[in-house]
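Two complexes come next, and they have one chain in common, chain A, joined by chain B in the first and chain C in the second.
On to the complex of A and B.
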């Protein structure tokens, strides 16, 4: 129709006889809510063009109409399974703009909630990863075991999934009585359970044959493409925001980062699992070091106004570094909120990993990116 | 069965939160000697003493590019630089080759209808240089804004940084569709998140109002 105004790159491409173009998604469950346009030559992928945007909701635009507190329930929507972590940088940024100093106990509770949420997210991802490799046990086990931690988060926040727990100035409500004991018991049992996954999944020769040496991302490419989180650490770069730029109380807690050198799908699927064990360690340590009483919330004025300026905060979420850029012009609503989400940053690696792979390896490579389409679209 | 060999692949990095925090406190002591002469030149606000390491980064850029750039703020771990749109490409190359920033964390577009400009903010960070692991360098540049935008075919243009930092590829595509800033030299200026037949204003501009608001 109006071909002259087409932006460059949108022109229809002519493929030759050998090449077939396949649209994977957006309805296909194997791609999540996105489309991957692949061109295949026989069994091998020769070109790949990810096409996100099917679940774009305009979160950043919506944030310009609501004040700093009202923004919380909708800004967590992009990843409801990791809702504490996606709010974390926004809340840290809002606190700097509003000039709030939060209490020690609130910092520890935030860390505990954030680590529990990281495990809940990772278990959900692991269940999906299992089922798309045809391993239905690995779908059932994580889907069941994550209930342990969802119950804990329900006790803390009152909601199973969309917690809206972090607010500028601390957290919404204090822990219930006797929470420490229940948490310790559940987390210990959870850790025992996830260790059993090694036998059924991570040491399983079928998994190894499907994921080892597929979709290799070299260290140089991982840095050049700006990937983050488990994708980056699976390629041998030791970078974790919790270690490198500790926020709240992460500098006082005892944990390690997991790094693997091979950069293949297997490494990328193993790192989140190892991270969950570190999360259990962090939670136990935080429960011990946490002040046993005290306020968890600073009283806010109605419609608080941010100072003029901008702030960029980042944290480590279940998928990688999550940044939030807030510009304030001394109104009750932020002038601009930009979420720099790890899924969006890792998406750029997908064409690099898929080209040259067999089509049959696509699910194992694609899901190993720890990609969450709804988060990438915002 | 192969769990022994697998375990070997996993390299547990030893606990080292101390060195990173120590580094941040060490730096100010080491740097000032070299960077002392410059401070008087561009102090944005002189109330508290500025963190020396971060100030050094800003000063290096000012020294090289002079009045093409200006320091907008210096905070702990954050440096903000305003750059003229003609020299953004050179400043980015300088940040990559001399200052060792190796990737872009985020690219944000901000609309300023009052100034008739659109600001594009690059947040640079580094994986390879341990002294920069806490740092974010914020490069902000402004494009001319048109009231009746024809995205891609009007004066709202900026040079693309895709050939300097490969990681900006999707971010710049997003800024193009959301604010209508065309990046010259970007190999793939297609829509990313919006539908192909979106015919309204670029949605993150301030004159695009959400319905009912």
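On to the complex of A and C.
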């Protein structure tokens, strides 16, 4: 008879008086909707077990009971700050299954909405990164400047966060009149504003001393663990879905990816900030190249049925490569919808980075993984 | 059935008080009157006009208004007034309350928001009062496995120690609660109490996050106490005294910060660390250890610790002013008291009122208070400012800073002071 083996966090272990187990979360200001079971020896972390799953909502199962259009509002709930991007792969896949060809203008509007939303998400992430490091100004500034882009998205879509803007066949409604000028002005101001963050935050000597050379993820480990997005690019791998597998009109736009070699917390926190400036560049470019008029939406049949088959699409979200696998059996509802989310893939790196670190580095390493707990649980 | 919030009716409440009025009066008479007598017996009362100031004498101003000012002046020389009002607890608490308000508004301006706004009509000026009321009315929850007596005692001891620190600060010549010849040593002793109280509170809570916070506070305070003490020794070497009043008085020509800037910088940094303010707020690092050693404190226990923290902030800023910025010394900006009011009285239409006992405060005293408050508020402003600019430091970097850099700089400061002394420029017998 062997004793049943329990998961590492639950198993009763031999008491060691030097080791203290801390439950960081789910009721903890530094955890988000998850728990990190941390064992510390003095100030050093000797074991770490991330325990997500507190906000599981069964989005994938829900998607099997709703048709292709009704799936839109609930599928964006996992990351409401990045709702355009989390819908993007689903919409691309549904269009392929339903056999829809969308117009050029709709593609450009999608790219603009997607990049605006990436900035909105990243600002929220940056705000929390600031407060995790005890920098309350860096909490308030991004949270305030984010409003600029939220206002823009509200003009476009009618909603401040949960836009439900992308639909199979294009976008829900055309841009309002005079949108281009307003968008250009706000984005230019936004870019000017985020450049100021370097003075107060990114070049701050205390921040540098705290985050540089902590939580180093080497290039090999980053690839081996399957991390994506800013975490991967901070470790020196130049991988961006927008460049490698361009979708919609990204191959026609002028932008570059940001790569840093060091792979520490500082690089991981700086890459999203640099990406926001690239987003501003993309938006300006897209506004210039966009067809000034035309249809943005292909008319859908009521209750459309997908062709038999499966499709996997992925896009670059605010956190990394976000994939969506849809299986269709010629019904109005998809047979299976699977979201492959970047948050969960980046979380896998957490124990590798935290073990051997000091307890004081835990918030900065944890949040630099560009992780959104609700998305990981789906 | 709810026991907590029964239907409240004012009429029934008053009726219940009236029903119990007899017992209330009886208990007050049995306990209150003897207590007041005991206090009055042990309290030294001043003498005015050959008469001892008794409560009965204090009430004679009703019959003879000309006695009002002498009685007030006599009362102001008592220890009770000094401890409770000026320059003791009341004065410090007033500055602390102002500090909290200014901190919130200033930080809000820095962070592009409004700050407290609605409470009290004008820019949320009553917000602090509202917060205090909330804390008082909250239930105090004590962890089941806590060491209850110690856990209860820690916040009270914290405030008491902070108040003891305030008592050592000379505000203007002669206005200090405890004018000790070893004033600076007493300050070091009081500062040494804070880590003990912190670790006692953290340990007594019997909880993980307070414990880690307490250990961090212990590390931080103990390792920063050494540079703190060393950085103040420069001024002691130059003045040859430990009496804070004499140190302040010795700076009538120039403040020591001109000759000891390194000591002032080291003291300022260690002060931030002792006060647990950003960037040294490790013991309360919210994203790592919830609220550090304050995690399990609830209700007014937390309120007391906050009060103690801000009293401590005032006391440290005032200590900086006394030792490096010249205390009350400054050019005379307070207008002199019009002498003709004393000699000729005030003309109120047909009547000429001759008010005895004027002036209540001397011109030097008021001028000293103005300079002291101005300087203290300036130092407090610079203590608050880093909160908007810096993130939190890490514990190993903190210890590195304390042991390797600040202690070295403090020694440099002492050598500068010794050099100035032996060169005959400053100090007893110096050319200045």
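As a convention for this text, the second predicted complex is superposed on the first by the 366 of 378 C-alpha atoms of A that agree within 3 Å, B and C clash if a C-alpha of one lies under 4 Å from a C-alpha of the other, contacts with A are read in each partner's own complex, and residues count from 1 in each chain.
Here is the rule we use: a contact is a pair of C-beta atoms (placed from the backbone, for glycine too) under 8 Å apart; a residue touches a chain by one contact, two chains touch by 3 or more.
All figures in this text were calculated on a predicted structure; none of them were measured in a lab.
Taken together in the superposed arrangement on chain A, chain B and chain C fit without clashing. When the two structures are aligned on the shared chain, A:136 is found in touch with chain C, with no touch to chain B. In the superposition on chain A, A:43 makes contact with chain C only, while chain B stays out of contact range.
In the superposition on chain A, contact of A:307 is made with neither chain B nor chain C. Contact with chain B, but none with chain C, is seen for A:203 once the two complexes are overlaid on the shared chain. Taking Cα centres throughout, chain A sits at the apex of an angle toward chain B and chain C that amounts to 140 degrees, reported as a multiple of 10.
Of the two partner chains placed by the overlay, only chain B lies in contact with A:260; chain C stays clear of it. Contact with chain C, but none with chain B, is seen for A:22 once the two complexes are overlaid on the shared chain.
The wider contact with chain A, measured as residues touched, comes from B rather than the other of chain B and chain C. After the two structures are overlaid on chain A, the closest C-alpha atoms of chain B and chain C sit 15 Å apart. Chain A uses no single residue to touch chain B in one structure and chain C in the other. Of all the residues in chain A, the ones that touch chain C in their complex are 20, 22, 28-30, 43, 130-141, 144, 200-201, 204, 206-207, 209-210, 358-363.
Taken in their complex, chain C has these residues touching chain A: 107, 110-113, 208-209, 212, 278-279, 281-282, 285-290, 387-397. Chain contact summary for the complex, chain B toward chain A: residues 1-3, 6, 9-17, 20-21, 73, 77-78, 80, 102-106, 108, 110-111, 121, 123, 127-128, 133-134, 136, 138, 152-153, 165-167, 169-171, 174, 187-196, 203-204, 208, 210, 213.
Taken in their complex, chain A has these residues touching chain B: 5, 7-10, 52-53, 56, 58, 60-62, 65, 198, 202-203, 205, 208, 223-226, 232, 237-239, 243-246, 250-251, 254-262, 267, 270, 274, 309-310, 312, 314, 321, 323, 325, 327, 335-336, 338, 340, 344-345, 347-348, 377-378.
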